[in-house]
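The structures considered in this document are given below.
Two complexes are shown next, each including subunit A; its partner changes from subunit B in the first to subunit C in the second.
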Partner chain A sequence: MTVFKPIETYADQAPDHTYQNSREAILRLPFPYPEDHYMYSMNVEPHVPFGTGALRGQFDIDEHYVSECHHRAQTLAAQPGVHYAALPHMMEAQWDLLELLMESYSRDYPEHFTLEKSGTQWHWINRPLQIDDTFTFGDASTLPMEPMEYITRQAQGEFILLEERDDTLVMGAGMATQRADYSLRFNLGMSFMEFHGPVPKLHEMGILQRALKFLLRLRPGHPVRRTNWSITVNPRLETSAETLPDWAPERTLVTAENAGDLVNLRIELQPLHRLPRSNAVLFPVRTYLVSLKQLAEFAPQWAKRMHRVIRDLDQELVDYKGFTRYRDAMVTWLSQYDDGTPVDESQQ
Partner chain B sequence: MLITGIKSRPVYDRLQPMTGGLRHLIAGQGSGGAAMLRLIADMSPSQRQHSTLLYSTESFSGHDHLQALRELKVAGLEVFPSNQALIEALARKLNEAHMGTRLYLSGSESFIGTAMQAANAVDLNRDEVLREHSGTLVRRVWCAHCDTYTENVTHRVFTCPGCQLDLVVRDHYSRRLAAFQGIKADGEVPGELPAAEELDT
Partner chain C sequence: MNTHNGTLSVRVTRIEQLTPEIKRFTLNDPQGKHLPAFSGGSHVVVVLEEGEKTYRNAYSLMSSPYDSSAYQIAVRRVDTGRGGSRLLHDQVREGALLQILQPANLFPLAKHARQHLFIAGGVGITPVYSQLEELQLKQATFELHLAVRGPEHTALGLELKARYGEKVHLYVQGQAARMDIRGILAARPLGSHVYVCGPDSMIDDTLDSAHALGWTDSHIHYERFVEQGSTGQPFSVTLARQGVTIEVPAEQSLLEAAEQAGYQVPYLCRGGACGYCETEVLEVEGELDHRDDWLSEEDKLGKRKFMPCVSRANCSRLVVDL
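After this line comes the complex of A and B, so read on.
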């Protein structure tokens, strides 16, 4: 049973933030580097339950669940209209999403969530957030807000709904209080190739074309997953294009001495689902933040691997992910955990 | 024709008569008048009789084709002093339009983009609209920090009139906002600005 921490603060909420990971939270991470070298690839696999960590549930929750929901509520209140947006024709997909999250959470974490259905009368209990609501499925007037906003305020991670149109996927709605340097309002309505436009190499490598073909064949009940990652200074969930003036200056603070404390590996677990009524595709981004220091302390084999990945990473990816200024500092700090021997994950 | 490496920037067309159309709405601005004239010349007499022209004399580069447009034998010509006024009239016409209407747009990217917002509001299909870019490569830019739109941006770095931040124009275009994205240029270190190169030259 997941035990939730009391409400923590992230770096975008308070300068003296309290966010920390337990040893257990780190060992269950979906570590994104399968090899010592990293390059983009079609790293997609069937989203079936695996192990006892982040890949066990359909939508993973961990010890930060309550803190993250609290962060979402605060972020939405601080900038209305910036972090949640839905085009009007996406309502059916919104209900699809609500159903999928409620069914998944109540099935995977019955100690925390209960869903009772009597026809279209649904009863939803969320114990950690002390929510107990009854509503009519399909009737938005019986919920306090739109179904997507309602359910994603109770979920960890970002959620983007993509509509299939003109042989592509078009961004139709999003709850994105923890996005990595993009603007939801700006990207809304863009097609798959358009919203991936700024990402280097993908177009030339042909990965986007293959990924889109693959996703257009996605069937309900057969989700797939992939991981992605970035680097963030301080445990800051909200790093949107809109608030760049708030977080980008922190990139100048990193030195080889303090990189362990300041630099966080930002892991994204993305379990993609085809939704049954709307035929929309759900693109969730479940974000995990872990400081290099905590990673090295509890998972030294992963720190060793990360040293090699970051040291040898293609410069275009470094620039795109935004750590050009402090890559060398990170590599120096991580190098103390690399003795040159092969990475052995069973040893940590 | 405008060809760049910007994946989200629309690929523009060349205006030519759409044979399936029963009524033709042809809207242009400034130097876009040349494409309108060429389109009308390519049309059959019957297509011309079912064509309504909307022309705005607002132009960043100073081109004006109004005289030549006045001499055309078409169903009607409406002239506007600003792009904004034209697009408002276009939105009203599209709201009342019937099946079989075809839309042709020619002018600056900003003009085409904002006119497309009106077309998308009535869900015109992709094969019911043609867009031809003309004139300069100036950009309309949306400030991610204060939501201000700036027309006719010519350089990579400019000062946002809304929040006074120095913005860098990203090579990323949103059709919904009809604009490129501008974000704080010296986000990491105040005063450390990227080169203010001329855009698309």
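After this line comes the complex of A and C, so read on.
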């Protein structure tokens, strides 16, 4: 049973933030580097339960669940209309999402969540957040807000809904209080090729075309997952394009001495689902932040691998992910954990 | 519900003879649970075993997307077909269990359309059933033009006419004027969306007429049943590293056949997209049937690479580096 930490603060909420990972939280991470070298690939696999860590549930929750929901509420209140948006024709997909999250959470974490259905009358209990609501499925007037906002305020990770139209996927709705440097409002209504426009290499590698074809064939009941990653200074969840002036200057603070404390690996677990009624595609981004120091302390083999990945990473990816200025500092700091021997994940 | 490479078991609870050729099957969960939800235009694949043979026939769901307590499919008996529809008509009785794959949608509605125009012929009406249910609930504007071959084939059309009234236009061969597709399209404002499901000639006629009238492809929709997964003619393949030759049956992919024979082949997406299972072809006498989106045209023509998860072969000899 997941034990939730009391409400922590993230770096975008308080300068003296309290966010920390336990050893257990780190060892259950979906570590994104299968090899010592990293390059983009179609790293997608069937999303079936695996092991006891982050890949066990359909939608993973961990010790930060309550903190993250609290962060979401505060972030939404601070900038209304910036982090949640849904186009009117996505209402059906919103209900699909609500159903999927409620069914998944109550099945995978029955000690925390309960869903009782009696026809269209649904009873939802969320114990960690002390929510106990009854509503009519399909009737938005029986919920305090739109179904997507309602359920994603109670979920870890970001959720983007993509509509299938004209043989492509179009961004139609999103709950994104923890965006990795993009704007939800700017991207809303863009097609798959358009919102991937800024990503380097993908276009010439042909990955986007293949990925789109693959996603258009995604079928209900057959979700797939992939991981992605980035680097963030301080444990800051909200790193949107809109607030870039608040967080980007922190990139200048990193040195080889403080990189362990300041620099966080930002892991994204993305379990993609085709939704049954709306035929929309759900693109969730479950974000995990871990400082290099904590990673090295509790998972030294992963720190060793990360040293090699960051050291040898293609410069275009470094630039796109935004750590050009302090890559060398990170590599220097991480090098103390790399003795040159092969990475052995069973040894940590 | 994860049913990878798996099927759902459903019970046939009702069979109705609707026309001389069409039977409607009502399918329920054997335990009385709800079946997976679906969207208008979806189909299921019914997996039928007959002796050594396995049929995988796709049928549109014609029940309401808003009621997943049962599915309904209509099956037209095709005496010249491979045999799946004959099996369903002649041997499947009420109470029988059928294996189906979870619904998928290759004929979705355009959610932005202000005007939905359906053109259907014969049993091609089946996907439209669930689409109209969806549009009716959303109070969208739609009209249906359905052509059938004679008065004995009107059961489904009359059922829809009873539900939707004047929105349904029924053209009965021998009783009324033929459906004038070009005329129908010409009288609709640009910006309408047209959906066509019926015989090839009807699809071609609709596409040609719409194009000639200046409709863009984004507003023209037709049902296309694309083979999902890898089925086709059986073939043999030699796994060079294992030193064995295995038979790939009609309803399995090379990947599935190798797994069943106890060999572990690396894979990720199982859909011909990720490239993970790309395999070198060491020897080939005959043609490779590439079905993936991963290999370039050059690679496909070169006959040196192969994707075991979806691709097949029509050869007398195939040796791969597995």
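The rule is short, and it goes like this: the second predicted complex is superposed on the first by the 348 of 348 C-alpha atoms of A that agree within 3 Å, B and C clash if a C-alpha of one lies under 4 Å from a C-alpha of the other, contacts with A are read in each partner's own complex, and residues count from 1 in each chain.
Following the convention adopted for this analysis, a residue touches a chain if its C-beta (ideal position, glycine included) is under 8 Å from a C-beta of that chain, and two chains touch if they have at least 3 such contacts.
Quantities reported herein were computed from a predicted structural model and do not represent experimental measurements.
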Determine, under the contact definition given at the top, whether A:His17 touches first (subunit B), second (subunit C), both, or neither.
neither
Please work out whether A:Met42 is in contact with subunit B alone, subunit C alone, both, or neither, and reply first, second, both or neither.
second
Quick check on the superposed pair: does A:Asp166 touch subunit B, subunit C, both, or neither? Answer first, second, both or neither.
both
By the touch definition at the top of the document, which applies to A:Lys5: first (subunit B), second (subunit C), both, or neither?
neither
Going by the contact rule set out at the top, does A:His196 touch subunit B (first), subunit C (second), both, or neither?
first
Touch test for A:Arg325: subunit B only (first), subunit C only (second), both, or neither?
first
Should A:Glu242 be classified as contacting the first partner (subunit B), the second (subunit C), both, or neither?
first
Scan A:His222 for contacts with subunit B and subunit C and give back first, second, both or neither.
second
Go through subunit A and flag every residue that touches subunit B in one model and subunit C in the other.
166
Where on subunit A does subunit C make contact in their complex?
41-49, 89, 96, 99, 163-166, 206, 209-211, 213-214, 217, 219-224, 274, 276-279
Under the touch definition given earlier, write down the residues of subunit B that touch subunit A in their complex.
6-8, 126, 142, 144-145, 165, 170-177, 181, 183-184, 187-190
Touching residues on subunit C, where the partner in the complex is subunit A
1-4, 36-39, 65-66, 102-105, 108, 110-112, 218, 228, 268-271, 273-276, 293-294, 296
Which residues of subunit A touch subunit B in the complex?
166, 183, 185-190, 193-198, 203, 241-242, 244-245, 248-249, 251-252, 325
